[in-house]
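Two complexes follow with subunit A in common, the first pairing it with subunit B and the second with subunit C.
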Partner chain A sequence: MHIMEGFLPVKHAIGWSIAAAPFVTYGLYSINKKIKESPEQRMLLGVAAAFTFVLSALKMPSVTGSSSHPTGTGLGAMLFGPAAMAPIGMVVLMFQAILLAHGGLTTLGANIFSMAVVGPFAAAATYRVAKAVRLPFALSVFIAASLADLLTYITTSAQLALAFPDPTGGFVGSLAKFASVFAITQIPIAIIEGLLTVMVFNALARFNPVELRNMKVLTAQESQA
Partner chain B sequence: MKRYQNLLMMIAVVVLVAAPLWTIQKPFRGTDDQATALISNIAPGYQPWFKPMQESSGGEINSLLFALQAALGSGFFGYYLGMSVTRAKIRRESGRET
Partner chain C sequence: MLTEQSAYSNRWRHVSPVAKGCFSLCGIIAAFAAGSPCTALLIASILASVTVFGAGVPITRYMRVAAPALIFLLASGLSLFLSFSLGASISTISPHIAFSELRGITHTCCRSLTCLTALLFLALTTPLSDIISLLRLCRLPETLLDLMTLCYRTLFVLSEAVHETMTAQTARLGYASFSISLRSLGGLFANLIVQVWQRSLALHLAAQARGNDGSLRFLRNNYNHSCRNISIAATTGCLMIALTIILP
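Moving on, here comes the complex of A and B:
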């Protein structure tokens, strides 16, 4: 999902930066507020950041013969709400842009928008819907995290299709091309991300039930399971 | 089932990662690079207008930094998990069920 440095036209680069900025700003505000209200959540916030650090560093082979990486943003979005993940995602993407020549500063806004805005919001919304229709806890987490991963890559495809419409097929033709690079490769990797997120959630639910209950992520009943 | 859930998921993750390695016997290409190639294909005249801050350090240094990123994350996660497990154990032993 990393759009490489310089590979978005100036207008698009600026546009996506402006689009991502309020999410990062509000995310910082929401993190500050949460830490002030309950300082004991600081460590869990670290866990959410650590999970994103690990997962976005792991490029995995996929059945299509391409490799790609998960994003790890679903976990934090379900724990802290989607806004908190925007600044965390930004830190990860900055690290990769500055030191790894992976992604870039000019494409930072677009990459934040796909990985740290669309992904987390998709995860949080899906998790809420899944719980509302009373899906089992593990299944809700799995679907939410997998979908966040997949939608991040579809967003990247759309961003590239907007910037580089196909000479004959236009936006739609271009979207199909970029999605064929990203989306199918991503399916098994999204499943992996879903499974890993459930495993981490299981561990948290078992060893940190009090924190999760205080954060209203789990109901008292679920945390005893 | 609940008891084996984590174990089964761990096996599924290993299989999902390992299966492509056995079935596809050729180097895997990153999707980010493929997308960049596709851009040159759709818009042949497009010139990137900004250069990465560094790009000549090569694959070895790349692996180092990606490994560092994963190690930092998993190190912190392992610390937190270990701390939580121990804390839960102490709580259980002292009889203060929470």
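Moving on, here comes the complex of A and C:
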């Protein structure tokens, strides 16, 4: 769910860019650190950005009959870490704006904040909490991926509500409006993306447990289970 | 991809990306400086005309690229028109149309449309590799530029892999029902992640074999009449901004 090019007032566009900048900077710092430790990470993260772009261009099956696409924020955060997802997300969002006219350059900061900061950090935190309370692996992945999607859409709704408060209901009225309008499509998408992410991790755990262990997604014990 | 086809085949393919980036940036500034929807629409029509008649982008291709964004803009505009009156409890929320906000919403939509035409001007006339070199000139961090370069160079390879896998899955009725579709798509993504690991390792080995020890460097393109084109783009861009200041 992207905010369109030029849709936000200039103050909001600059404000969200400033808000997203520290996360992108920290993400770049963490990527540089990773590359110093293992240089092959440079190629891996570059190809991962292409993977996220391709993922977002795919159509997901939808129960309502309409088509939708996965965001990949939850999947990416669990595989590559939430910090790395901010620069990766920035690249993907920039490519989507230029190659697909989806999103925009002036709204890049706002879109980075919702899709590449809030979503991945929510997914990573939820996954950790779920593992800490010993929830089953599949349920942990499902909750993390679905919540990442839901929080992304709630953040976008809040960004739009801040920019366009309702003349009678104010910010709360506007948030309720955008959240309810987008809920029709976004709640089924979040559930489907959660299920899809579980399928992906099940397939990976079955056929590529070594890679998942190397990326610290699974422990040796979990991958043998 | 339609934008890529156009970016490599338009009349201004070999014009300096600095000139095109400068003109596009002026278009975005003009969109935000426009005081009324009419002025914003005038700027949008100038930018679209320059793309279609100046750069020679076929109008049908332009419309096909712009259509999804225009539909999205229409939906976004309509959602702004809807307003909620909040009562004492959640059950007393009543929706109505915000006619009083008509001018403001029209202005927002027209500004968005103008920004879209400025973005399309850049996207349809400049290949992404040129935009990356333009960002290199703007001193963006090397790591970010490396990510962009690698992403651009592998996304078409991955797209091809996705297309081939989906064809194979469809031939085996892999998308016959909702549950089977979900399982097929899960398998496709998992397969793609493995390809990401394998391809990145192969790229790393190839780069090491060529003595790569840091960021990825490419030869810079030389553009004819670069200074002249940049001056023309900056002048016409500034005129466009001036027009928005003069007009109401």
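As a working rule, the second predicted complex is superposed on the first by the 192 of 225 C-alpha atoms of A that agree within 3 Å, B and C clash if a C-alpha of one lies under 4 Å from a C-alpha of the other, contacts with A are read in each partner's own complex, and residues count from 1 in each chain.
Here, a contact is a pair of C-beta atoms (placed from the backbone, for glycine too) under 8 Å apart; a residue touches a chain by one contact, two chains touch by 3 or more.
In this text the structure is predicted, and so the values were computed from the model without any measurement.
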* Once the shared chain is lined up, is A:Arg42 touching subunit B (first), subunit C (second), both, or neither of them? -> second
* With the two structures laid over each other on chain A, which partner does A:Lys177 touch: subunit B (first), subunit C (second), both, or neither? -> both
* When the two structures are overlaid on chain A, which partner does A:Val91 contact: first (subunit B), second (subunit C), both, or neither? -> second
* To do: Considering only touches as defined above, state whether A:Ala83 meets subunit B (first), subunit C (second), both or neither.
  => neither
* Asked: Of the partners subunit B and subunit C, which touch A:Ala145 in the superposed model: first, second, both, neither?
  -> neither
* Asked: Touching A:Leu105, do we find subunit B (first), subunit C (second), both, or neither?
  -> both
* In the superposed arrangement, which partner chain does A:Ala130 touch: subunit B (first), subunit C (second), both, or neither? -> neither
* Asked: A:Asn32 contacts which: subunit B (first), subunit C (second), both, neither?
  -> second
* Asked: Given the touch rule stated above, what does A:Leu75 touch, subunit B (first), subunit C (second), both, or neither?
  -> second
* Structure fact -> On subunit A, the footprints of subunit B and subunit C overlap at residues 4-7, 9-10, 43-44, 46-47, 49-51, 53-55, 57-58, 60-61, 63, 92, 95, 97-102, 104-106, 164, 166-167, 174, 177-178, 181, 192, 195-196, 198-200, 202-204, 207-208
* Asked: What residues on subunit A touch subunit B, complex-wise?
  -> 1-7, 9-10, 43-44, 46-47, 49-63, 65-68, 92, 95-106, 138, 153, 156, 160, 164-167, 174, 177-178, 181-182, 185-186, 188, 191-192, 195-196, 198-200, 202-204, 206-210, 225
* **subunit A-touching residues of subunit B, taken from the complex the two chains share** => 2, 5-6, 9-10, 12-13, 16-17, 19-21, 23-24, 26, 28-32, 34-36, 38-39, 42-43, 46, 48-55, 57, 62, 65-67, 69-70, 72-77, 80-81, 83-85, 87-88, 98
* Taking the complex as given, what residues does subunit C use to touch subunit A? -> 1, 3-4, 28, 31-32, 65-66, 68-69, 72-73, 76, 79-80, 82-86, 93, 95, 98, 100-101, 108, 111-116, 119-120, 122-123, 128, 131, 141, 143-144, 146-152, 154-155, 157-159, 162, 175, 178, 181-183, 185-187, 189-194, 196-197, 199-201, 203-204, 207
* To do: Would you tell me which residues of subunit A are touching subunit C in their complex?
  => 4-7, 9-10, 28, 31-32, 35, 39-40, 42-51, 53-55, 57-58, 60-61, 63, 75, 79, 87-88, 90-92, 94-95, 97-102, 104-106, 164, 166-169, 172-174, 176-178, 181, 192, 195-196, 198-204, 207-208, 211
